[in-house]
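The two complexes that follow have chain A in common; it is paired with chain B in the first and with chain C in the second.
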Partner chain A sequence: MSTKTFKKGSSFRSLPWIGPALLLIFIFVLWPVVELFLVSFREISVSGLIKGWAGTENYKALLDNSDLSGTLRRTAIWLVVVVTLTMALSLPLAQLMNANFRGRRFLRYSVIVPWAASLVITATSWKWILDPYFGIVTRIIVDLRIAEEPVDLLGDPRTSFIVLLAVGITVSLPFTSYVLLAGLQAIPKEIMEASLVDGASAWKGYWAITFPLLRPAFLVAAVINSVYVFNSFPIIWVMTKGGPAYETDTTTTFAYKVAFRDQDIGQSASLAVGNFFVILIFIMLFLKLSKWKELDQR
Partner chain B sequence: MTITQINKKRKTSRKKRSKNSRIKSVSLSLTGIIVAFLFIFPYVTMLSTALKPKSDITDMPPTYFPKIYEWGNFIKVFQEIPFGMYMRNTLVISIATMIIGIIVAVPAAYYVARNNFRLRTPFLLLVLITQMFSPTSLLIGIYRELSIFNLVNTYQGLILVNVSFNLAFSVWILSSFFKSIPVEIEEAAFIDGASRFQTFRKISLPLAAPGIVTTAIFTFIAAWNEYVVAYTLASSPEKQPFSVGLSLLTGLYEVKWNFLFAGSLIAIIPIIILFISIEKYLVGGLTAGSVK
Partner chain C sequence: MLKRKLSLLSTAAVISLGASLALPLSSAQAEDVTLKLVMASYTDDMLPYYTDLITRFEAANAGIKVDLDVVAWPEIGQKVKTLIASGQSPDIVNNDEFAGEAADGLLYPANKIVSAATLKDIIPAFRDNSKYNGVEYAVPDLASARAFFYNKTILKGAGVTKPPATWTELKAAAIKIKAKYPDVYPLGLPLGVEEGQAEFTVWGGGNGGRLYNAKTKKYTIDTKEYLETLTFLKGLVDSKLTQPNPGKTNRTDGAWSLFAKGKVAMVNGGVFLPDWLSKNGGEKIKWGASAFPHAPGKTDITLGVQDYFKGYKANGRETEIRKFLDFIFVPANYAGFLKAAGGFIPATKSAGKLAESDPIIGPYIKLLPKAIFYPGTVGSWSACKADIVTQMGTAMLNPKKALTNIQKKCDAANAG
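Let's look at the complex of A and B:
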């Protein structure tokens, strides 16, 4: 870019242009962060009034909460299982979406649907599909003679979390496989063909040539997906409300329950502060991977 | 080997190859269609349920398809549940979010794309970090702050939160559009005596129109699908968007699943079409340009 017309201006002159955006980010994104930290050290009444400083009482209450350890364990499983399986499945899915065949457009549009549609609606539909009496899954299971009786997959703590994991994966796949598809499309055709012509098997060629070229897209998709999955609320909330009891809660739904159902704002805020630091780690990874500096340098 | 023999062999091998590739393409198509169906299965079930009359909903075991197709459910939904009100609220929130979002993001994106200034790097970094935050993790902070401003259970509160959390994507994608416009065009206008603002309004803005439309659609969809903030802040039905309203209906003693899903489909189908229309730009915007 030439520097003839637009010289390096002072920051003051930039304010009319970026000021409103800056203001909104400060007020509605950064202020809530500060408020969250403050509240975690406050004693708050049930009606939400500040009674005074609480020191680390809220954090102690959180650590004493008997449902915390199960929730932390489940959050780790939720994050690792959903992200790992999503990434593993989106590699072949992206490959299929990139292949040349009749019906490719139909596949691509179908994969977009869970991404575009409201997650609440998708989750509601799954809840209905899995209804022990009126749901279609019961019908399928009975028709296939897997079971005689209606099954309550969401009500049974042994199966409910597994079902949530599966739904979590189906709604994560569209984003990651579209990122990988974009990565695949950026690989020159000659390279892809060369990997086959050299007599290497398709499988070998994929891991030797295609995947290394896809790695940057793969990593970015994995990190962004991790944040989405960690913050995921509607799937669990709509399908089980974290129940039965706390059996399917992750830290995100657990924090919501503690704040808005048990009315313990302080304790919930201290958990949210923990969540904040987890997200911060992902942000660091993202900044490291992303090419934001390219836009920066122009 | 005689020439005819060689030719014959060639022929059969070609035939074999074309047969192989046909098998390959048919099996690809088959796989593709099965995989596609797995993704749309919940929505197909929704459609089948939405078309069932009330008596069929509680069939045990349920039927795969409606016995009678009640297309009228898509009209009756407006009387059976407060769907019209939910849609009005959703439209108000999404349209306002889209308009304010564009008004705020366009100048910022343009300035960032065209100027070098000291705040530039910190601003870009801030925008990127915001992109990774979701209101879900900051809910308590948002709730308490909005109570201070008296914005709990108001359209304004929901709109402002939606705008702020979507600014990152908007600024990012818009500035890449502005950057793709050759500077020379603007310089020419500048030399012809146009002011800075005139150049922006008459030259750059129209050229970036596709980017602005893409961004507007994305912001609109994000606000349309937003759930957790509205669920927490919009306590009265008169303010609830469809995502909250419909989800609360499933908690009632008698759930009108057919109408619930008829409404759901009305709410998601236009959005899916809009989403497909901006698909090309989504990956670039959401990964902040790190993939394409």
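Let's look at the complex of A and C:
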């Protein structure tokens, strides 16, 4: 009886403690989302004036936008290629960082430094490395006589997206390999040793023992990476501004261009609503996986 | 040390307390009115110019305070839109577009924000470009005209005796330059986001292309004239007679920088280029300026661009806006404005007379009758301009596709 009353009152009694947090979540998390949905159904003029409700006009305009299909295709490629290759490269890298050898500390530092640098700085550095007139890559290409004239890898739509993919992978590696390294360190050495004693090859031992035990860390890293990569704005914006034309846009940079170049805030908001749902799916996937991980560890 | 700081703080507190007590006494009859200004930064000299101007204005007009924001060109459009959308409308803005805001009913008509005398002194051609639906909604602040710049040393060395007047002569000259100086790009072609629309308008204009038809109220971009133009330019790019990446090259940090280093022989420049060259390491370049090469059988044009002062209705500061703008147009103040902006064509008749004898600006004033302007009086122009700029990125790979896309997006902006 007494425990029941305690439970009943507890949610109200705790309000003074959790109230401020709830308020902050409402103001800074939920309200902007509501506002985003509202804007996507509003008509906003080029000078930024709200003119009234637009119904589904913004969504229709978005579907009618001739550059949408290419952007969606590139976003899918961007997500799949960057995440897959990052994961594939991080596995051996984490293994190497976990191995005991001279210079391991140096390796770990050199992997973590790019992560510590701001994305804008990394992207700007790459932009200058690839600059057609002053960049070191151009210099190498011309000096080796691979090309007669300076080449602008970022200015040519045939190469620019590939370059961005490569840079996207480079900046995603540190986080992923450190998550995997943490996962590896949680695996007891005895298990692997036992498998070696039982006559399994190192390769077989890895796939039969290490990798399955690493799976929770691997999945979490993959999902978090997907969210980062999907939302990635600075790399593309700093290096190419989604250009030339729309040739390297993903949905995030495209939404920015629709809002501030085409000056169609409503259409841009409708695209952002779509982005929001994609992220929501990732987050739910993440929650599900982390719960599954908890169960797994019980 | 700490103590001293504390005592300083308390002294400051006492002073400010005293000040806040004293203030209501001195301005008992009228609350101070604050004018919010968002002004374009033509050069780094604009901020000191305005700071001085505002100090003198506030001294002469008790009760008016001025809140100044000088903003760089790439950001100013977005800044103004954000202010308007978030209900913090500025009172005066100086930038390059007005029609969209006039269409939304945000602006005072020009005759409300400057005196009749000031308005009468503005050059009529510029006033015509400031009308939306027949009403003047903006006051021109200055203008610019473009010219074709060339490096005299390189042209002479390559045996090109006079600057090219037609596309045919341009290509011939470029081939000669390339043959003589392999590491010089004969033509700088900055189709990048900074000024892609200017290149498009100038080259297309030389083939009879015009962006907008005022009679049908439609954009005329996906046309034979522009397709021929882009195809001609693509020919130059494919023959390696331009720098390698026109779609990504910006005007200032791309084409002009290369011109200042003697790596580009010919480039689209403006009345402000000589000033820029002298400040950016190009003072040794022996440049000449001539009319733009035009298509065979067509006539040459120049691109005129004008910017505006605009007064916003939202805060109801009509009287104060007029006082401030009339103050800027006082001849001595306006001369300072032009000087700080760095070599533009004046918008007033009085200042224009003086500038005609200026060795650098004078020739451009004579070019003005040949000038074509952006369709700045069309409400959707700023959106359309942005799309031209974006699509120029791949126009040299597929001209027809770029034109089709521009036409489609500009039509959509025009309709909505």
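Assume the second predicted complex is superposed on the first by the 274 of 298 C-alpha atoms of A that agree within 3 Å, B and C clash if a C-alpha of one lies under 4 Å from a C-alpha of the other, contacts with A are read in each partner's own complex, and residues count from 1 in each chain.
As a working rule, a contact is a pair of C-beta atoms (placed from the backbone, for glycine too) under 8 Å apart; a residue touches a chain by one contact, two chains touch by 3 or more.
Bear in mind the structure is a predicted one, so any value in this text is a computation, not a measurement.
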item: Which of chain B and chain C A:46 touches, first, second, both or neither; value: second
item: Greater residue coverage of chain A in the superposed arrangement, chain B or chain C; value: B
item: Partner chain(s) touched by A:243 [first = chain B, second = chain C, both, neither]; value: second
item: Which superposed partner A:124 touches (first chain B, second chain C, both, neither); value: first
item: First (chain B), second (chain C), both or neither touched by A:260; value: both
item: Which superposed partner A:94 touches (first chain B, second chain C, both, neither); value: neither
item: First, second, both or neither for A:133, with chain B first and chain C second; value: both
item: Which of chain B and chain C A:152 touches, first, second, both or neither; value: second
item: Interface residues of chain A shared between complexes with chain B and chain C; value: 48, 133, 260, 265
item: Touch list for chain A against partner chain B, complex; value: 1-6, 8-11, 13-14, 16-18, 20-22, 24-25, 27-29, 31-36, 39, 48, 93, 96, 99-104, 106-107, 109-122, 124-129, 133-136, 138-139, 142, 170, 173-175, 178-179, 181-183, 185-186, 216-217, 220-221, 224, 227-228, 231, 233-234, 238, 252, 255-256, 259-260, 265, 268-269, 272, 275-276, 279, 282-283, 286-287, 289-292, 294-296, 298
item: Residue numbers on chain A that touch chain C, as the complex places them; value: 44-51, 61, 64, 66-67, 132-133, 149-152, 154-157, 240-241, 243-247, 257, 260-265
item: Complex contact set, residues of chain B against chain A; value: 25, 28-29, 31-33, 35-40, 42-43, 45-46, 49, 57-64, 103-105, 107-108, 110-121, 123-130, 132-134, 136-142, 144-145, 147, 160-161, 163-165, 167, 171-172, 175-176, 179, 183, 186-187, 190, 221, 224-225, 227-228, 232, 242-244, 246-247, 250, 257, 260-261, 264, 267-268, 271-272, 274-276, 279, 282-284, 286-292
item: Chain A-touching residues of chain C, taken from the complex the two chains share; value: 78, 80-85, 100-101, 103-104, 106, 193, 240, 243-245, 247-249, 258, 379-380, 382-383, 386-387, 389-395, 397, 402, 405, 408-409, 412-413, 416
